[in-house]
Amino acid sequence: MQGFDRKGMAARAAQDIPEGWYVNLGIGIPTMIADYVPLEREVILHSENGILGMGPAPAPDKVDPWLVNAGKQAVTLRPGGSYCHHADSFAMIRGGHIDLCVLGAFEVAENGDIANWATSENDTAPAVGGAMDLGAGAKRLWVVMEHTTKDGRPKLVAKCGYPLTTPRAVKRVYTNLGVFDVVPEKGFVVLDLAPGVSLEQAQAASGATLHTQ
Amino acid sequence: MINKIVQSLADAMAGIKDGSTVLIGGFGAVGQPDQLIEALIEQGAKDLVCVANNAGNGRVGLAKLMELGRVRKIICSFPRSAGSVVFEELYRAGKIELEIVPQGTMAERMRAAGAGVPAFFTATSVGTLLAAGKEHREFNGKTYVMEHALKGDVALVEAWEGDRWGNLTYRASGRNFNPVMAMAAEMTIAQVMHIRELGEIVPENVHTPGIFVSRVVRVDRGAQWA
Amino acid sequence: MQGFDRKGMAARAAQDIPEGWYVNLGIGIPTMIADYVPLEREVILHSENGILGMGPAPAPDKVDPWLVNAGKQAVTLRPGGSYCHHADSFAMIRGGHIDLCVLGAFEVAENGDIANWATSENDTAPAVGGAMDLGAGAKRLWVVMEHTTKDGRPKLVAKCGYPLTTPRAVKRVYTNLGVFDVVPEKGFVVLDLAPGVSLEQAQAASGATLHTQ
Amino acid sequence: MINKIVQSLADAMAGIKDGSTVLIGGFGAVGQPDQLIEALIEQGAKDLVCVANNAGNGRVGLAKLMELGRVRKIICSFPRSAGSVVFEELYRAGKIELEIVPQGTMAERMRAAGAGVPAFFTATSVGTLLAAGKEHREFNGKTYVMEHALKGDVALVEAWEGDRWGNLTYRASGRNFNPVMAMAAEMTIAQVMHIRELGEIVPENVHTPGIFVSRVVRVDRGAQWA
């Protein structure tokens, strides 16, 4: 079974983002998606800390210490970009103005529940950041993640075991094995399988039924 | 390439439906999107709910739109002023509905709509006729009234500069309601005095980021505003 | 009985505003107060339509059409002044950041109730503007008004007859006859009488008891 | 003459009381008022409630303040990160209270405090552990949770420019929480890179108007920030 590597997952998700969308990319693989959206396809990237119109990472000698993204990495601003304060930035998210948010996750359930902030109810100091705002506020939530945990347990599940970030929010999941829509009243629907991956293999790695269209 | 700039006022008005709630910026004449209002008159949408600080002046602009019978309801803070003749005629004749909202509550209700807040509490209007029938509640021993978000289908705003991503700046007191209306509507249409190249507006000094703007159209308002 | 004229009332109120206060002045006599605060005593004037640091009216040939106050009169901006949008402007008011608001009124009651927006419950289209925001939000509310109506009825009253703008908000009233504090559990307390006005004359023109300190 | 500029960090800290709620701006190192935090450590106030996006890094700044036992409680969105060693030690030992707040809710709660809104509704956190025990309510068929204003006694903010009336501007992503914290506190203290003459900052481009600022102090942060 081949499947996508991390870059392949990011590239695959990038294909589906049309010009003109306002997009917030979470930390990890989601951040990598930006590298696969050609600059001439104008997708406007938002960062929670008050950046709209984020550009790629700067050359090492061009780093501006005043300009970091939500993952605290150095970034650039595209012409046409702008800065705002945190309440205005989250008004964009919470007011439903962000077309798409892409996050990583521990688990996604077939009803669209996402768990990505706390690994157990006993973890009393988990870091939520802006995940719950993005989950509840963005027009669309996609997840990019490995299909299974390192020890082989499925991350596409019938019901989340970890504490939820947002219920019924995920619309689509990109994994190393393929692309899966989350359809109300139905569950996971296979949109695309990664090269060399069969439906049976993807199903065997999943904790919920994978429907075909 | 994203290009929110449209070439005509008619293009700017495309798709505004009957029954829309239309937020109209401006405080008096300043920051008021006169050309867009005229274009809306041309465009023909009717049965409108208009949200603006005033209920129109003279027989032009918003007053004309009302006089043409196209406005079902007006939501404003200051309906009655020296020039609000059309509104007063229609209102006396029972031909227009009115919702009076304290000016700050009106601004905050639209800001709330833009920020995903369906309702909030405020001390403004507590103990007055304008709080009658509304939910009251105590926080830390003080009484507040609950107010709801006020969302627009369309916002018509006036700005000083605009670019093809929809970034706007405002001049002096022309800002007023425009930024909050821009964030509170499904479709925000901006008339601007100046079109700028992308990046010409300093990123720290963008007043309304393009995410809140759907269309930008350049208008000529005459030398006195230049 | 002499008393203050309109300018005298404005000048008298201006005396009591210390340097450094953020002040919102209502339409009418309150607006005139600004003329009696010397520019070197820095009082920062706020206008609801998004101006902080308003200056005096411009010379006729220096009028900027983009710059009007809440009464829609041409004004200027002082160095150090700034502009903001309506929600931010009213955040200053409603958030308790304005030290003083001075309004005109139809009536002020001895418990501090103010009525200044609607002349009857049957007036179904009265114009409230920002009065209720200012009444409820400013740290202090003062009123400047004639002591009686044109037909001689008192405007300092035991209980307001007109619909309220804000209950229990007024801290001080400046009239043509004098200056009166509104003291909780007590009512109107004479702080100062206008030149040539006796307590008896002021009391005779009032609809509530005027207490002495 | 109004002059909010103070000449030393010690003057800037005058009067901060034990038990204060202190809002601390910044997102990571950017826009973080490092010199003011050090000055607060010097000043000595204790039993503090600190509101900041993170729970400190390494053993300097906020982490040092915590390590000295001066922080009773921290309210933040992201307590645990690679460098949050002090927080984790104290938290495991039961020596510090923690309130985790979604980042947008945290910003909105402070903006509400500054705007006179004691409580508001939001969809964020509905259906999660962070909404447990909070009041829920439906508006237009969707469920929201009620959140309360979060007010500070003191805000420590970092800005790019400041003038004697307290007007501030921020640079790039250094803005972040600083403006909302400035409006949410009784006393706001700003460290700035540059002091400007009154009127030098373009009135349209003042980011935090002086009404929200009590004291301004110039600091030297080194060449890399200039």
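Note that the chains take the letters A, B, C and D in the order they are written out, and that residue 1 is the start of every chain.
Throughout what follows, a contact is a pair of C-beta atoms (placed from the backbone, for glycine too) under 8 Å apart; a residue touches a chain by one contact, two chains touch by 3 or more.
Quick caveat, the model's predicted, so the values are computed rather than measured.
Counting steps between touching chains, the shortest path from chain B to chain C takes 1. Each step here moves to a touching chain, and the least such steps from chain A to chain C number 2. One finds 35 Å separating the Cα centroids of chain A and chain B.
Chain geometry summary: the mean Cα position of chain A and that of chain D are 29 Å apart.
Chain B and chain D have Cα centroids separated by 33 Å.
For chain D, the set of residues that touch two or more other chains comprises 108, 111, 115-117, 122-123, 170-172, 175, 203-204, 207. Residues of chain A in contact with two or more other chains: 77, 83-84, 87, 90, 93-94, 137. Taken as a graph of touching chains, this assembly has some other topology, since it is neither a line, a ring, a star nor fully connected.
Under the contact rule defined at the top, the touching pairs of chains are A-B, A-D, B-C, B-D, C-D. Within the complex formed with chain B, the chain A residues making contact are 19-20, 22, 40, 42, 44, 46, 52-53, 77-84, 87, 90-98, 137. Chain B contributes residues 27-31, 77-81, 87-88, 91, 98, 100-105, 107-108, 110-111, 122-130, 170-180, 207, 224-225 to its touches with chain C in the complex. Looking at the complex, you find that chain B touches chain D at residues 108, 112, 115-123, 137, 139-140, 142, 144, 148, 169-172, 175, 202-205, 207. Against chain D, in their complex, chain A makes its touches with residues 47-51, 64-70, 72, 77, 83-87, 89-90, 93-94, 118, 121, 124-133, 136-137, 163-168. Chain contact summary for the complex, chain D toward chain C: residues 1-2, 111, 113-117, 163-165, 167, 183, 197-199, 201, 203-204, 206, 209-212.
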